[in-house]
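Below are two complexes that have subunit A in common, paired first with subunit B and then with subunit C.
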Partner chain A sequence: MSITIEQGPHHTVIHILNDSVDALSAREIEQVRSQMREVTVLDFDKVLFINSAGISALLKLVIEARKHGQQLYAINVTAHHRKVFEMVDLLRYMPILEEEEYRARVSGAA
Partner chain B sequence: MITETQTASASGEPQGSNVAPKPLAVVSDSLAGMRLRLSQQDQARVVRTRLTSILPLGVLLPIALWILGFQGLATAAFVAGLALLLITLAGVALTHRIDYYSIWLFYAISDSLIFWLMSFVVGSYFNVFLFIIIVEIARIYRNSKLVVLTGFLIATAIIAQWVVVWATAVTGWVSFPLVREGDSATFAAVAYAATAAVAGYSLSTFIERYSREIISYEKVQATNAAELHIAHDIQSSLMAPSELRSGSWEIEAISIPAREVGGDFYEYIPYFGDVNSIGGIAIGDVSGKGIPAALQMAVVRTIFRIEARRRVLPAETLTRVNQSLQTEMPSGMVTLLYAFVDPKQEMMHFANAGHNYPIMLNGKVSELKLAGLPLGIYEETEYEELSVPVPPGTSIIFYTDGVVEARNKENQIYGFPRLLELVSAFAGMEPKEILHRIIASVQGFVGDEAQADDITVVVMQHRLVTGNPTT
Partner chain C sequence: MSNTIEVKRTRQAGPASEVVDISIPSDQAFERLVRDGAVAVAHWLGFSEERLADMQLAVSEAVNNAIEHGNKNDSSFRVGVRFIVRNDRLAVQVVDQGGGLAATRLTEGRPSIADKLEHGEESPRGLGIYLIEQLVDDVELQSDEQGHSFIMWFNLAASGEEGADEHHD
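What follows is the complex of A and B.
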């Protein structure tokens, strides 16, 4: 398993442990979608590379989550991937939170 | 003006569309006459397998026999193990000189000879570890019939030995040319030698079959490589021309797949039916690499060509292509940027389905920022459109993510900032020069590392010339 899940009362934090996100690791995230709370945060702290299959899977995941009323956020995204997320319109469905916003959002949700 | 297709292979060697593919029959024929060598990987596997067999026979068994008091047997087993080890070393030395069918034959004959000699040296005790050897061989070569046959022969030999010795002793009239009273070991040795011969024959038969499988496998590999080469040539020939000029407008393009075939593409759509004009320019990247990406790319290009010729507006075109792709693309995605140039108005209208922002160079460097979901993600996506003036002296650079995500041996990526800084020094350069400098910069950054992703760059320039810009 390349992810760990941290559950709060109203939020879920998914820490991605791999240094790269591809279709396989994105599928792992997809498989735990049933465990996602209303607010879910994806932690990209360890992620150095995201290939196009990974982007594709992430996009499908966040769009599907949005349809089910779940809010997804990303934290610890590198400058390069921030730009990639922006270009593929991923930020529209999964905004990036800065550290303070993240703390506020998580404590607020709690 | 169409000149040539200049798609390059992963090795960086440009390959034009006029390169004739090598027929498969020629490849197969040339293979038939080849003396194929064991690869280093195969050789390592053979040596490893033999050593796992020699270790129990030549070291563990002698130690056990020695402890049990059978010093003679222990010495014999050790000598046999040593001989098999020497044969293995000789095999390694011979691997580079003879083809691998001969090397397998060498092992089979040498091993059989060792077993045969051992049967004479050890005599009737040989059955103790002959059976172990045979079981070990059967384990290595996965031949259970060999174990059954050998067990049956050994049992028959032992029973026959008892019967003959008993009959000779009791009746005194039974005779056998090789059996003299008190010399039953000779008879047993012959029986065991026969067993060893059967084992050797079975082993060599298996080896022959195995070597044929390897040859067949390598032929399949070679055929696949030839087919990929043909696929590369076909894809190259289908790619839009690498140069296009129309009045004061000029395009230069290059696509370098990471493998023989790739998922990157670029395409031109003529301006209102004028085949020599610059109208629509598209650059796309199908997720993934190799054959699956190439097949999906062919589908995307076909749909795009149909839709782009039906309508002018880029946003509308991408919306329609995305809808059509939903049923054609079960997985993955495509990033596609479609720009439509109006040479009379000196404007470029474009829409973006998740592709890298184009870079505009006109005295300063700027990115034409317009985001959008890639194609194949969400059926109801409506794409936006942006229009920018493209006055003379402007260059616009379109590129795929293989440029900015190229990695060097320190696992660092080339990145957007490095590209923008590079482009800022390109003011006044010809499109071909810009193209080559970008590729050279990326290749210089990557160094000896293998190309990880397809790289495509398209440079469009509105040149500073006097006269009618649209002719």
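What follows is the complex of A and C.
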């Protein structure tokens, strides 16, 4: 299993344990759609590589969140991945939270 | 033959001084091997971590494009990747065996995520090619009936703190 999920009544934290978010790991990431909550946070702490196939999987989560009026956030994003997310305008739909903001969002939704 | 991985390093006389060739079956399961090869070449050339990450992503996108759009996911085809150090530049050439001139083309600006989201579509086309164009110093696409050749150029002087001639053997 390359993903672990923590859930509260109104929030989900998805820890991606695979070091690559790419075509091979995309399907597993897409499958967490059904477990998203009012606030969903994707944890990229273990992720070393993301390509466009991985970004497409993340977009599916963005679409799901928008469909249900949910909020989607990212944490522990490297400077390089932040740059790539900015290039494709993904941060507009999946903002990056700093540690303090993350704690506030998750505890506020708990 | 189609399931073999080939890696070859040669020194050439003339303008191209150093060449590393990798050949993989046209299957995304093998894309990571090329990605790892790109990291090894980048380390050898003294790339900074940021520049290394840029090159790794650009190479990944070009190989995936060759597998999906060039070879149309036909695993009997191969994808060839050639790293060429030439003076103060690194060229990475990705070659597929899929014919057809229109299968791959350079983009015109950033693919719109917003438009796709509004229409419920999941993957803007051209995202990988757009990323390549943003991450490399120059890009060149050649196509003929035999396949496509995607060449990405990286200026070595801008790629790390060490000089372009200080390769690590």
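The rule we apply is simple: the second predicted complex is superposed on the first by the 109 of 110 C-alpha atoms of A that agree within 3 Å, B and C clash if a C-alpha of one lies under 4 Å from a C-alpha of the other, contacts with A are read in each partner's own complex, and residues count from 1 in each chain.
FYI, a contact is a pair of C-beta atoms (placed from the backbone, for glycine too) under 8 Å apart; a residue touches a chain by one contact, two chains touch by 3 or more.
This is a predicted model, so every value here is computed, not measured.
Asker: Should the superposition on subunit A be reported as showing a clash between subunit B and subunit C, or a fit?
Answerer: Partners clash after overlay.
Asker: I'd like to know which partner A:Glu86 touches here: subunit B for first, subunit C for second, both or neither.
Answerer: After superposing on A, A:Glu86 lies in contact with subunit B but is clear of subunit C.
Asker: Looking at the overlay, does A:Arg66 come into contact with subunit B only (first), subunit C only (second), both, or neither?
Answerer: The answer is second: A:Arg66 touches subunit C but not subunit B.
Asker: Which chain makes contact with more of the residues of subunit A, subunit B or else subunit C?
Answerer: Of subunit B and subunit C, more residues of subunit A lie in contact with C.
Asker: In the superposed arrangement, does A:Asp22 touch subunit B (first), subunit C (second), both or neither?
Answerer: second
Asker: After superposition on the shared chain, which partner residues are touched by A:Ser56: those of subunit B (first), subunit C (second), both, or neither?
Answerer: A:Ser56 sits against subunit B and subunit C alike.
Asker: In the superposed model, only one of 62-70, 134-142 or 440-448 in subunit B has C-alpha atoms clashing with subunit C. Which one?
Answerer: Residues of subunit B that run into subunit C: 440-448.
Asker: Do any residues of subunit A touch both subunit B and subunit C, and if so, which are they?
Answerer: 23, 49, 51-53, 55-56, 59-60, 63, 80, 84, 87-89, 92
Asker: For subunit B, which residues count as touching subunit A in their complex?
Answerer: Those residues of subunit B that touch subunit A are 285, 287-288, 331-333, 335, 352, 354-357, 371-374, 376-378, 401, 404-405, 411, 413, 415-416, 453.
Asker: Quick check: in the complex, which residue numbers of subunit A touch subunit B?
Answerer: 23, 48-49, 51-53, 55-56, 59-60, 63, 80, 83-84, 86-89, 91-92
Asker: Residue numbers of subunit A touching subunit C in their complex, please.
Answerer: For subunit A paired with subunit C, touching residues are 20, 22-24, 49-53, 55-56, 59-60, 62-63, 66, 79-80, 84, 87-90, 92-93.
Asker: For subunit C, which residues are in contact with subunit A within the complex?
Answerer: 28-29, 31-32, 35, 49-50, 53-54, 56-57, 60-61, 64, 110-111, 113-114, 116-117, 120, 122-124, 127-128, 130-131, 134
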